[in-house]
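Going by the order they are written in, the chains are A, B, C, D, E and F; count residues from 1 in each one.
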Amino acid sequence: MKVCRRETFNSAHRLFREDWSDEKNLEVFGKCSYPNFHGHNYILEVWVEGEIDPETGFVIDLKELKHIILGSVIERFDHRNLNLDCPEFKGINPTTENIARVIWNILREQLDHKFGIEVQLSETEKNKVFFNGN
Amino acid sequence: MKVCRRETFNSAHRLFREDWSDEKNLEVFGKCSYPNFHGHNYILEVWVEGEIDPETGFVIDLKELKHIILGSVIERFDHRNLNLDCPEFKGINPTTENIARVIWNILREQLDHKFGIEVQLSETEKNKVFFNGN
Amino acid sequence: MKVCRRETFNSAHRLFREDWSDEKNLEVFGKCSYPNFHGHNYILEVWVEGEIDPETGFVIDLKELKHIILGSVIERFDHRNLNLDCPEFKGINPTTENIARVIWNILREQLDHKFGIEVQLSETEKNKVFFNGN
Amino acid sequence: MKVCRRETFNSAHRLFREDWSDEKNLEVFGKCSYPNFHGHNYILEVWVEGEIDPETGFVIDLKELKHIILGSVIERFDHRNLNLDCPEFKGINPTTENIARVIWNILREQLDHKFGIEVQLSETEKNKVFFNGN
Amino acid sequence: MKVCRRETFNSAHRLFREDWSDEKNLEVFGKCSYPNFHGHNYILEVWVEGEIDPETGFVIDLKELKHIILGSVIERFDHRNLNLDCPEFKGINPTTENIARVIWNILREQLDHKFGIEVQLSETEKNKVFFNGN
Amino acid sequence: MKVCRRETFNSAHRLFREDWSDEKNLEVFGKCSYPNFHGHNYILEVWVEGEIDPETGFVIDLKELKHIILGSVIERFDHRNLNLDCPEFKGINPTTENIARVIWNILREQLDHKFGIEVQLSETEKNKVFFNGN
């Protein structure tokens, strides 16, 4: 049994490696590397896998999961520039894949290890990623 | 290969344990325990896993799957109060998890055992669950 | 120029006239009149029409509009039974049309009369209404 | 008769007046004024009103409308920082209202005056604006 | 007050004038003119404008509106080839504009003239039209 | 880690076996077998599973994946009649299951075998299939 909570955040970013020239960044990352940033409405789905608690009928209380996501993920990244404001991406290119992995790691520290965690993160209507820690 | 049919139903419910005081119900389930019920547009996705029948090109005829879902699930729960009208939830708190498990069990009796079954049930735009029988 | 804020609420209701017999209620309102209620995820769009304030670039601050909607509409109807809990529907059948009109009237009292107001309210994926006060 | 073409663009921005202190910007615009920008997946709907051409059955060829929108709007704003990269917002706070008005003015110059134009622009799933030139 | 019912139908069509050469059809209508047809999941929204009936709280019973739409529109066009199967498009290019106008005319004959009618028809996620009879 | 690219195509088709009578086709496939075809807006999600490249932060460059999907899948099937125009369905009934399998096989030849591939294909808002090659 898995349960899912959906939250959103709005951030600026650019794809970019400091150790590459601007030309190489542009060649590899295209307009995603433009120097003054662009941004996205990220849609985050957090899936938590576990047993149904026979007392409450919940795998996890989704109000509690919501507060964990808001406090540990949305608070950090919403209305922020992932490259400039977020030490989590120091030396890490903020691709959707890397953002999902960072979020998964944050949640892994917040949630009891009896729970499995899966993260789905949409960057646009056409691009999204999935990470389950493997 | 898996195929999916999506149907919806609109029900009233409250989260509530009879053996708890109103205070404890309110403390644990919050506004979901309010005594006069609230309701949801539940969105049900039923996934059926199997081989493609070489004669028809179908895993299962989705018209047939639709009729099974309508007859055995939607008919029971649509425009009903899950707590008051549905014996399936006698002594079972109608959380999304428990509703999904009840639906999975109903479908398991209706569908040939050569098929795997997965149920995804959305309660709101932000909350959903997944159950595959394990 | 019009701006829109979208919020949701989850309520139970039934369509029902006290002065009609159960048979007549069932005949006219069908399964929407079942006695123990059903419910919906209502989706509310509030459109506010006005001039752009040259100082802020806003017609109305959507944070402010959000707080007005949450405080005056969502707080009243979310996780409530419209028939039993909400005096606004005393003697008024809680059809989507009537709910939209009640919401429009509430917002009309909250918002400066320099603003036009339009309300769109979805009851299901297939049924919605629009009201602009006329 | 009106026809609509939907396109999207991803931009960074912040709400901010140069002639206000950082404190006042933060007070009025909240986290939307954070200095390092955030961003959105803007969804643009362009509605064109006119008569059906009896020869083609089109109000306007939507392929042509698409190319006009891509060439004159999306090309300018997609993957750009509205505050830093786009002279259209020199001295204009890039609120959704102002972006919609800028887009409407761009399209008004591109399209034959026999057509009426309406622009709907969504900034998030919850916030959107509508402008028809009045 | 306006109320809306949403229905869908799946049809094949091509854009094509018999009195034009294949070359001219291809030049004007592009891949939409390919000879063996393509198809769409059309999404139809029918809006009906009127007064709320004080007895029922309905502008129009949406169950009744649904049956009118299913019987007079969906039945005719669903799983059909608009060019070959539907006399409504004899000599009329089945553009989204023309389909919407044909549907509006059908509904105008079915619905009491005290009601205003608006039709919104989506051909793809990016293209849609609106017609209100003017 | 899995990444997903979403694309759409619009095709005509009918469900039909040449070696069956029209009556049997109609009995088994219902209105999906009508002789003059109908059509759909197919929504394709291609998921690619692999390791994050530490240099780019990508599992696969989604621009590259987009070009592969457009060039090898969309180009073939968009605005085409799957039964008449597409040799891939010679002797194969173009059910959603079979279309997904054909697409999976095409992509399997295009993508490095270090990647896992999953295909989700929606035929309507209510019907979709999933195939991962097993």
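Following the convention adopted for this analysis, a contact is a pair of C-beta atoms (placed from the backbone, for glycine too) under 8 Å apart; a residue touches a chain by one contact, two chains touch by 3 or more.
What you are looking at is a predicted structure, and each value in this text was computed from that prediction instead of being measured.
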{"item": "Pair joined by more contacting C-beta pairs (A-F or E-F)", "value": "E-F"}
{"item": "Degree value of the rotation bringing chain C onto chain E, based on Cα positions, nearest 5", "value": "120"}
{"item": "Residue-number overlap at the chain B/chain C interface, same or different (half cut)", "value": "same"}
{"item": "Matching chain pair for D-E (criterion: over half of the contact pairs shared, by residue number), options B-C, E-F or A-B", "value": "A-B"}
{"item": "Centroid distance [mean C-alpha coordinates] between chain E and chain B, Å", "value": "34"}
{"item": "Separation of chain A from chain D, taking each centre as the mean of its C-alpha atoms, in whole Å", "value": "27"}
{"item": "Centre-to-centre distance between chain E and chain A (centres being mean Cα positions), rounded to whole Å", "value": "41"}
{"item": "Overlap residues in chain C, where contacts from two or more other chains coincide", "value": "125"}
{"item": "All pairs of touching chains, each written as two labels joined by a dash", "value": "A-B, A-D, A-F, B-C, B-F, C-D, C-E, D-E, E-F"}
{"item": "Residue numbers on chain F that touch chain B, as the complex places them", "value": "15, 17, 28-30, 92-98, 100-101, 125-131"}
{"item": "Residue numbers on chain C that touch chain B, as the complex places them", "value": "8, 10-13, 31-32, 34, 36-41, 78-81, 84-85, 124-125"}
{"item": "Of chain C, residues touching chain D in the complex", "value": "1-7, 47, 52, 55-59, 61-63, 66"}
